[in-house]
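Structure first, then comments.
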Amino acid sequence: MRLRLPGAGRAGRAVGVLLAVVLAAAALPHVMPGSAALAALGPTATPDQIAAYDRRIGAGQNVLSGALHWLGGAAHGDFGTSLSTGVPVATELGERIPVTLELFLAAQLVALAIAVPLALASAWRPGGLLDRIATAGAFLWLAVPGFVLGLVLIWVAAVQLRILPATGWVRFGQDPAQNLKDLVLPALTLGLTEAAVYLRTLRAQLIGTLDQTYIAAARARGMATRRLLVRRALRPSALPLVTLIGIGLGMSLGGSVLVETLFAVPGVGNLAAVAIAGRDFPVVQAVVVLSAVGVVGATVLVDLFYRRLDPRIAHEHR
Amino acid sequence: MTDAWTTAGGTIAGATIATAATATSSNATPPLLSVESLSTLIHTPDGRALRILRDVDLTIEAGECLGVVGESGSGKSFLARTVLGVHGRTDRVETTGRVRLDGEDLLSAPPRRRAAVLGTGIAMVHQDPMTSLNPVVRVGEQIVEAVTNRQRLPRGQRRALAARLLQSVDVPDPERRARAWPHELSGGLRQRAGIAAALAGEPRLLLADEPTTALDVTVQRTVLDLLDRHRVERGLGVLLITHDIGLLSGRARRIAVMYAGRIVETGRTEDVTAAPVHPYTAALLRSVPRVTGPLIRTLPTIAGSPPDPASNAPGCPFASRCDRAEALCSAEAPPLVRVSDSHTAACHRPLIPAEESCS
Amino acid sequence: MSTADLDLPATESGATNPSGPPVGLGRRNRRNRRIPISVLIAVGWLALVLLAVLAAPLLPGLDPLRGDFAHPAAPPGAGHWLGTDADGRDVLARTIAGARASFAVAALTVLVGLVLGGTLGLAAGWFGGWTDRIIGFATELLMSVPALIMVMIAVSLRGPSLPVIGSLIGLFTVPSFSRVVRAVVLSLADRGFVVAARMIGTSPWRILRREIVPHVAAAAAAFAFTATTVAIVAEGSLSFLGFGLRPPAPSWGGIIAEGRTTLGSAPWISLAPAAALCLTVLAANYLGERLRSADQKGGPAR
């Protein structure tokens, strides 16, 4: 007989995934001891230099002890020091996580502001004119990758119209107005891309919800369409969208590498790109683990949120 | 559960049945509901036109229960939705005829007026209480919708109203039930909640679409009794839709038998059940299990299936399944046979000789 | 886009998703047997790009490396249909060369994803139990690491070669392939013909080969189109970040990135290959979607 604890399977798997990622991250410099050093120091490096480098990044030990060493440090908030800047990785991350989160939140606002009303309107009359336009539009839009969209936005807003800065970032604390201006293009790039996915997901779910008897029952009690859609249909249709947003949140901790690089936003993703290019292993390790923590953590958050959204789920787990 | 309704309802029911019976005979005022030659056409996405209702006529007086009986697919649920004026949001429905509520034609009324009637003039009780309550909205909030859709109520008042309504449908511990989620209630309690929601707007007409089909047999009777009680107490007109003609005796004053979108026979319940005129009605009655008689016997079923609603074939729609059919039946539309003032049927070969026949 | 760039739109393409076909595109044509015009256009575009990729080396005028020094950064016109870049190289020739690189990556990606993901999905769905659980864990693991960052790391260690990039992007499509295939297998396992085959004692391998694989192939083929677009976009993102294929054989992403600096004065250098990329992704997405909806209509009720 297998022991069955409620939620134990999920939680156990989440912990397992995290451990595996930590191991893999810790193994990074061990995969090819010396090669990392060679890559970082260049072909002219002497064996002594290589050995010294390997010692600094912890290569040469076995993978397990390396991982344990890393975990031990991480437990105390010590993720090592950046090889290129000498700044503690924790400090670096502490400065960049808020930037990435700000960008994520702004992008979600953009995506939801577009996707939710459009999904409600097109799901109400599937096959109608608006629905056909929105669905076809979303499908076309899916074919535009983030880097192309970002480029086009820069071209239009920064080069042609000259209304927004193409790149750069000023912290909110320094100059809120400038910060928001800097935020617009990257948030649009991220948000517009996600809007198409959100729209398709929510629309499909809403169509199913709106066919339910309880929607007909609410209409029979004289509920106005707008109120019906927002107050009665949206919530039972929101689960897949919540999952998407959750995954997005988890992934965003690993950084929106592309958008942050394109617009020179000093977030985690930008840090990751620079660190990888510079073979700054402690930073890379931290970003990879942070990202996995984000994904796993977001899954848990989504689970919790599910129970708030749908009381039946809470009921099943009781 | 059962003792709740007997204590609450027992005294009133007997006293007011008489008034309901007398109210029907006054013809000076228009009937509560009068449906006149109502026909509907559904345009399907693939371009076909389905005639779901064909020339339906019926009336319901205040305080009266009219039973509409027929097989699934006979259009009886669609009749309820058409009277209510709410169809599936993607259905393209073309309606002709009249639906008068207290003399006012709703079909020609502006949308705003029709919306105003929903829940307050006409209310609906749905078939399956498991699917007719929104799973993510507390029971109380849904029950008071007919009121809160029109005016804002503070939370305290909403709760009090919901509890009052639940109490009126014999739900024990109504305050707690109002705060519950739908999945926390049993099927019977949910259907009571559905009835409470229908009563919230103090409607004059209640459309009950197979309100007990999805319930346990033991709960069915209490729910029907509950409907009866409110009908009598409030002078509520009730359109009770069912596929089970046996369920209507003693509850519905009159019966309308629907087949293929038409009303093929109508009359007082005791007349129709005792001496059906239309062969279809007779077949329906034969398929009802009797309490008396041998326990094990196969109930006769009606062979064949109703005609395609897209077809426009002349003649009686039942002809192909009718054991009394002759050539005339599938060639010409059946005439209206008048057995008595209240009892009519549309048939070429009625089961009893008619007093007079008019086409 | 974020690191999610590499992550397949699993919620959109997975077999668990009820989202229907795009209503706006050619739904009315479904009924008749003729191939809808939208499908012809999509196939036509992909064929045109493939043809250009294959024929370009044979055509003297389309050398992506030869610079027309007399006309640097020339706008689109008669001599150069899509203009020239800052070094006077023909943008059309470079776009076609970029297509070659992008398609090569996509082909490798689909191969890896199809073989690995298909096998794992078959195994997970067919054997169930521990096999399913282990494979499920592995896919979950792959899906919770930042794919784009992982590929970047690998490229920084191993160099930006076609095998490294293609196979790694392919590796990250394995979870989605596996899930699609597993879902099909699970839906088939209970169906009459499989049960019947089991009961008359047909060997499991034979059932797999004769009954399961053909059904799985349809779903996997539909998903291969999605994986193609994922690979093209992912490789583009990598190139854009400087981790993609390097000159002399840059991909679309690389060419688009090159034109960034002259976006103000010569936007066509970036926008022309960008348009080609978007159209290709659109066409492949569309065909995948059509195949998927056709498969779901004709196939098992999922």
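As written, the chain order gives the labels A, B and C, with residue 1 at the start of each chain.
Assume a residue touches a chain if its C-beta (ideal position, glycine included) is under 8 Å from a C-beta of that chain, and two chains touch if they have at least 3 such contacts.
These numbers come from a predicted model, not from an experiment.
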*asked:* Once you draw an edge for every pair of touching chains, what topology comes out, line, ring, star, complete or other?
replied: line
_Looking only at C-beta pair counts, which chain-chain interface has the most contacts?_
A-C
*Rounded Å distance, subunit A centre to subunit B centre (Cα mean)*: 53
*Approximately how many whole Å separate the CA-defined centres of subunit B and subunit C?*
56
*Gap in Å, rounded to a whole number, between the CA centres of subunit C and subunit A*: 22
*Name the residues of subunit A that each touch 2 or more other chains.*
126-127
*Multi-chain contacts in subunit B: which residues touch at least two other chains?*
none
*Touching subunit A in the complex: which residues of subunit B?*
45, 84, 86, 88-90, 115-120, 123-124, 126-128, 131-137, 142, 145-146, 149-150, 181, 183-184, 194, 197-198, 200-201
_Sites on subunit A touched by subunit B in the complex_ = 124-127, 210-224, 227, 232, 235-236, 309-312, 315
*Mind listing the subunit C positions that touch subunit A in their complex?*
1-5, 7, 9, 11-12, 17-20, 22-25, 27, 137, 140-141, 143-146, 148-150, 152-153, 156-157, 229, 233, 236-237, 240-243, 253, 256-257, 260, 263-264, 267, 270-271, 274, 277-279, 281-282, 285-286, 289
*Given the complex with subunit C, which residues does subunit A contribute to the contact?*
13, 16-17, 20-21, 24, 28, 31-32, 35-36, 39, 126-127, 131-140, 142-148, 151-152, 154-155, 159, 189-190, 193, 197, 200-201, 203-205, 207-208, 240, 243-244, 247-248, 250-252, 254-259, 261-262, 269, 272-273, 276-277, 279, 284, 287-288, 291-292, 295-296
